[in-house]
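Chains: A, B, C and D, in written order; residue numbering restarts at 1 for each.
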């Protein structure tokens, strides 16, 4: 298992010459997956089974907090007819500040599960990685077959139709993970157990 | 496939000698299954795929509408430490009136998906059957392996822990169905498609 | 205080010559008012303070249960740019069946607070009165100054903008009440106490 | 109007001799008030009327994200029989990290409305002030008569009964504000307009 940045040498963080080897522990868990792939369910299971207290914060939390000026005008977040998500300049500015703050929470000692949707694939991971620099991050890919995700979108009934299918594959393009789970045939709790084994 | 009552001869309802054969169509779909077995997801999928308009009404809708006097005192609905549901006298009276009304909606032309939990198994089915007398009912068993249902209860995070496991088997005791689905390894949408084939 | 129909002589229902004077008690409370006028808050307060158990069912409950075919097509309920509500034929059929059922619940013994929006004013009241025939109904007008209702619509943030202002006056046109409350300067709980005095 | 810290001389921030008068703008709005005093409604109105985009984050958002281990054990947040809130050590640690992060979001450019409940009065304000050091903060007291707040708690129906009355006065003890509003007889939107005049 590698962590953030996966290219870094783990020993750098665990070996402190002249003093002692100190315990390294995971500070952030990033769950990346398309809409209706099952990230929220996994997040709740992780909070229930991990021995230390974790909180969750995700991109949907920021969307829920946007003012009418950003949701009505299209300068923030808008949704297309086919379920595509359109991000405006107003969004990017806010998202950057939001992510800076979430990273600061983690540096201040809160263990955080970030649930995200890398619409831009690898580019989004790199941007997030830069924000989380210095933190011990576990990168998790949450996959779900696109037909299954689209079916779950209908069963939920509260999401913009089409998002699940559009995002299922694209959000993983070029992204590097420490662990991947697939909710197509595995329950959220079992996925969470797999992930938990990688949490130190 | 048989309908309500399963012992009735379908011809009785479709053949009207001396006048004409009239079209019989399903008026009520009863989904019976334990907590976290997936009834709500199936219900939403049915509403999305059935050609005619259906609405859903279930036991949870009544519970959500109970006054504080019935939820605080235990004379309505209460939940035990292990997730058991305790129904008081105040509940029974209200539930009878509620079900009478739901049946009346169906007789007045609304197609209704009733989502229920037969805590008393066959006894509850017989009680509901009496209320729905004369209506064309499709009885559906929604099964889910108890371990899986308990896992989904954790992933949802908004249900009294323990209910899923306790109810998984008992709610089906002695109940007779027209069609049964199992959400353990089948998506809600696929279960809904199976059920839809039995809707006339 | 008069009840349903307000033109009826109360004695007709309480005096039964040759046998005995029997107890009459309110079976249905109808709260009519525009969007954001405060009906839901009053309904919750009534449930908290009335000595007998009451449940609430309203037009919003039916809207929430409509299938996608009725909300997406405009054949059910649609919302205009200015907050106007457009009801299609599919809606009228369902609403009639729904109301028939709610009346049946009340006749079967459930005490029900119906929270409604008489978009058609007096016509809607007459239609509902016909459904509730034979039941002891308390007709309540819930008024709120249109500017105040529009302000509360913004503060809620979860309603179609404009509905509050459009509906504030029109829903009361020609409607006859047993009691009226005005939430503009009176808290929901105080309005509920006023109403409760008329519940027998 | 004074800002954070209220003892600072406003000119210090607007007058920069030798260079130019630069624009100072509010970065954080802190709404402090008891449960059911109307903070959320004011927050939504502020987001609707302020010309620049603002997001809201509050103590309730953190509570909603706590893992079961902190809500079930009492080591996080617990609620007493009379509506009193009991904060454990696990809570304090998390809250400190959370607030650090929210301050970092604001420093990174997000305009944030913090909705808080100073259970400890002035002590809590001082703690928050330390976190927000260097930011231009507008401190707002949201008052509501305790009887009215308790009435609104009943009308909402989703809060622990008793909290509103207990907190109505105590949360303001020793707290210093730039502006105070009282929702007892003033609508959220009007309170928001009053506050908006103090936002630069």
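The criterion applied here is as follows: a contact is a pair of C-beta atoms (placed from the backbone, for glycine too) under 8 Å apart; a residue touches a chain by one contact, two chains touch by 3 or more.
These numbers come from a predicted model, not from an experiment.
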item: Any chain that touches chain D and chain C; value: none
item: Centroid-based (C-alpha) most distant chain relative to chain A; value: C
item: Separation of chain B from chain C, taking each centre as the mean of its C-alpha atoms, in whole Å; value: 28
item: Euclidean distance of C-alpha centroids - chain B vs chain D, Å; value: 45
item: Averaged-CA centre spacing for the pair chain B and chain A, given as whole angstrom; value: 37
item: Multi-chain contact residues (two or more partners), chain A; value: 48
item: Pairwise touch network: line, ring, star, complete, or other; value: ring
item: Chain D contact footprint on chain A (complex, rising order); value: 47-48, 50, 53-57, 61-62, 65-70, 76, 90, 93-94, 96-98, 100-110
item: Residue ranges of chain B in contact with chain A within the complex; value: 41-42, 44-45, 48, 148, 151-152, 154-157, 185, 187-190
